[in-house]
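After this come two complexes, each holding chain A, first together with chain B and then together with chain C.
Let's look at the complex of A and B:
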């Protein structure tokens, strides 16, 4: 059973699928990233242009702004989702009347397709039609126009993302909380630890792998957000995230080479961010290991 | 010999224990990062080949001593 050939044989179908649908397209995008390729250009086909796409990218204010905006969006959305998800998971570990019904209703947003989520929120916030601008104006005298004010558009995108993805975080946290053994928690309580100390020194270390996985998944999702936000604000001010910028470069402008180079750099930034988080949260540092 | 959490991992100058893949990965990350920063800030003064030489040197040190 421990024969390595058997292991590779069992892994081979997955590896073949991964290579065909993951690795080869990645290599192709990497190749296109070093070429100038625009189907409406005077010269037909691809033309190798070395690092020119990357040279253009590091001076492209629209791209750099989109990275900053995406980072802002990801930080606010993920932090809110993790905190809310944890609190809801804690609540769901206890018994209360209507718990089953709450759990079903709570997971409804997960079943809705992102494009439909964007459409629902668009209907809620569209000026002159949606209830949100109407009520904000009537109750608080706030002029709510997501097409005009970038901060409002960003905030609405964050709230929409939190609404959509908090149930996912709750479910993963609930799974993590359910797997924590009761003994260490009870021992800590017997030793006189208060609720915060139990959370900080017992619950959180046990939850670390779940927390890490959840944050990774949410970071990757947040960075590639396109459909929801595009439907909500049409990529207007405050919502020109990296995904939307790539879409604009690749599709309406048909600048495939430049779009590929932006995609590669976005992937690079995602990997670096996840790796740094992994080192920070997973306790791989020498101080923590020793 | 210092005690290590995993025999396959090495205790180098990096602030965490690394195996060979980790060190190659870190070198690749540094290589791309240096090239991008070079394109943005240094290229008018020095050609991009200088960034390649510097990042390969750093990568070599990370792989051997990291």
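Let's look at the complex of A and C:
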């Protein structure tokens, strides 16, 4: 009754769009990654140079730093978002008057364009008229200059990301929490489990797939963050993440070959990381079926 | 399990205190942007404070009166809406295929679909630029600087997300319902229309909403693959930051204006967003 050919037919528009606008550019980037190609170079056009680009990036301190910074940024931001999002979702499972109003307000940041998020936070922290440097200086005597101190810039980016994306985590967690069956939780309580035990042995296993999926999506998007951070800090110290570094190599420096090879490696690292999470998600599903 | 009234009251106060605090944290940055949008250039550099001293609408009237702003806004609306609809339809068909048919290597196809969202955008701009300006050319017409180009391109990061979201929803619909409808004589379209679409409605709604928002918010591709005709509102925002000085008041005013459409959508679609966001990770 179900002819695979019909299935392929249904899948084909999606495949065609993604092959044209996703896979072909990928092949091109892959190809350019093995070439030396710089618009400003003395000789014109591409020159095949094998693995030179990849050899170069292993010793490129700027690139390695950018990977380290991206990792730091992703770990701090995503960990805070998951913890905070879970707590907020937990709070939202209770009923109290005005709950939906609070929830709607809490989802607002999710709807703001990354570039506008960057603008908002830049307005908050800009030396001269931003309230954050002013208040930090006045109340805590802290000199706050994101253009000068890399740690402050990184921390500000993390806080901005947490502000922007925690609502997303809250919503997915809420969807996950509200579909956990009541009985096991009640049963555990009857058996004398305390709150932490209920959370650890009942809620968390049920929530694991949602949790991993959410982390997957956040990792995927955090690694390719460009807009908001470059708007916030203009690519200053402490925020030179891989996405922004690629941008700098490809555009102001027009070093297409090298930029492409960095992209390929970054994409590869992202895929490996996400593949591991993906196995975690679908592996869980298989256990339940059996 | 009975609680005294005092206990319950204390708990309620705690809940409200917490949420009011969270709400302030959420709103202060947006409020500050609003404050900036209501100030003239001179007032901005006075001592920072979070109060609005007077109604100053010049920033808004400047932005709204600008004819390119109107074009940007209508482009953004058109592109986001068409993209959301296209993504919803394509994702529904693809998800149905992945969920119901025995296709060779479909797990790998599914993961490959998702990897399309992971590509770091900067390096992919060049091949896309070449493709838009050279490969898709009919006479004088190219895909560069057209709304159609962005509508199709945004599928690359919206479709993976949409298919992932819908996969769980469609997998959750018992296949017996399809079979029953087929026995009653429904064809493929009949099954899709009368079984899948009604049951997957919350998931479809949230797919469309999130696709709409992602498309509305996209900046990098829009900035580099359009020049005049098809520019979107986010590119206009970035244009305010110039080497010679940034017009913060108008930037803030325009940012406020870009929030309005998404805010409206979120308020009306709140219910679906929570219902539809399980990514099929929840097995019932």
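Rule of thumb we're sticking to: the second predicted complex is superposed on the first by the 275 of 290 C-alpha atoms of A that agree within 3 Å, B and C clash if a C-alpha of one lies under 4 Å from a C-alpha of the other, contacts with A are read in each partner's own complex, and residues count from 1 in each chain.
The criterion applied here is as follows: a contact is a pair of C-beta atoms (placed from the backbone, for glycine too) under 8 Å apart; a residue touches a chain by one contact, two chains touch by 3 or more.
Only a predicted model underlies this, so the values are computations on that prediction, with no experimental measurement involved.
When the shared chain is aligned, chain B comes close enough to touch A:54, but chain C does not. By the document's definition of touching, neither partner reaches A:158: not chain B, not chain C.
Of the two partner chains, chain C is the only one that A:112 touches; chain B does not reach it.
In the superposed pair of complexes, A:146 makes contact with neither chain B nor chain C. In the overlay built on the shared chain, the residue A:272 is in contact with chain B alone; chain C does not reach it. Look at A:125: by the touch rule set out above, it reaches neither chain B nor chain C.
Counting the residues of chain A that each partner touches, chain B and chain C differ, and the larger count belongs to C.
In the overlay built on the shared chain, the residue A:7 is in contact with chain C alone; chain B does not reach it.
On chain A, the surface patch touched by chain B in one complex and by chain C in the other comprises residues 271, 275, 285. Interface of chain C with chain A (complex): residues 12, 15-16, 18-19, 22-23, 25-27, 29-30, 32-33, 36, 44-50, 90-91, 93-94, 96-98, 100-104, 107, 109, 111, 113-128, 130-131, 152-153, 155-156, 159-161, 163-164, 179, 182, 188, 213, 216-220, 233-234, 237-238, 241, 248, 251-252, 255, 258-259, 262-263, 265-267, 270, 273-279, 281-284. Chain A makes touch with chain C in their complex at residues 1-4, 6-11, 13-15, 17-18, 20-26, 28-29, 32, 88, 91, 94, 96, 98, 100, 102-116, 119-121, 123-124, 126, 128-131, 134-135, 163, 171-172, 174-176, 178-179, 209-210, 212-213, 217, 220-221, 223-224, 226-227, 231, 242-243, 246-247, 250-251, 256, 259-260, 262-263, 266-267, 270-271, 274-275, 278, 281-282, 285, 288. On the side of chain B, the complex with chain A involves touching residues 5, 11, 15-17, 25, 29, 32-33, 35-36, 39-40, 43, 48.
Of all the residues in chain A, the ones that touch chain B in their complex are 51, 54-55, 58-59, 265, 268, 271-272, 275, 279, 284-287, 289.
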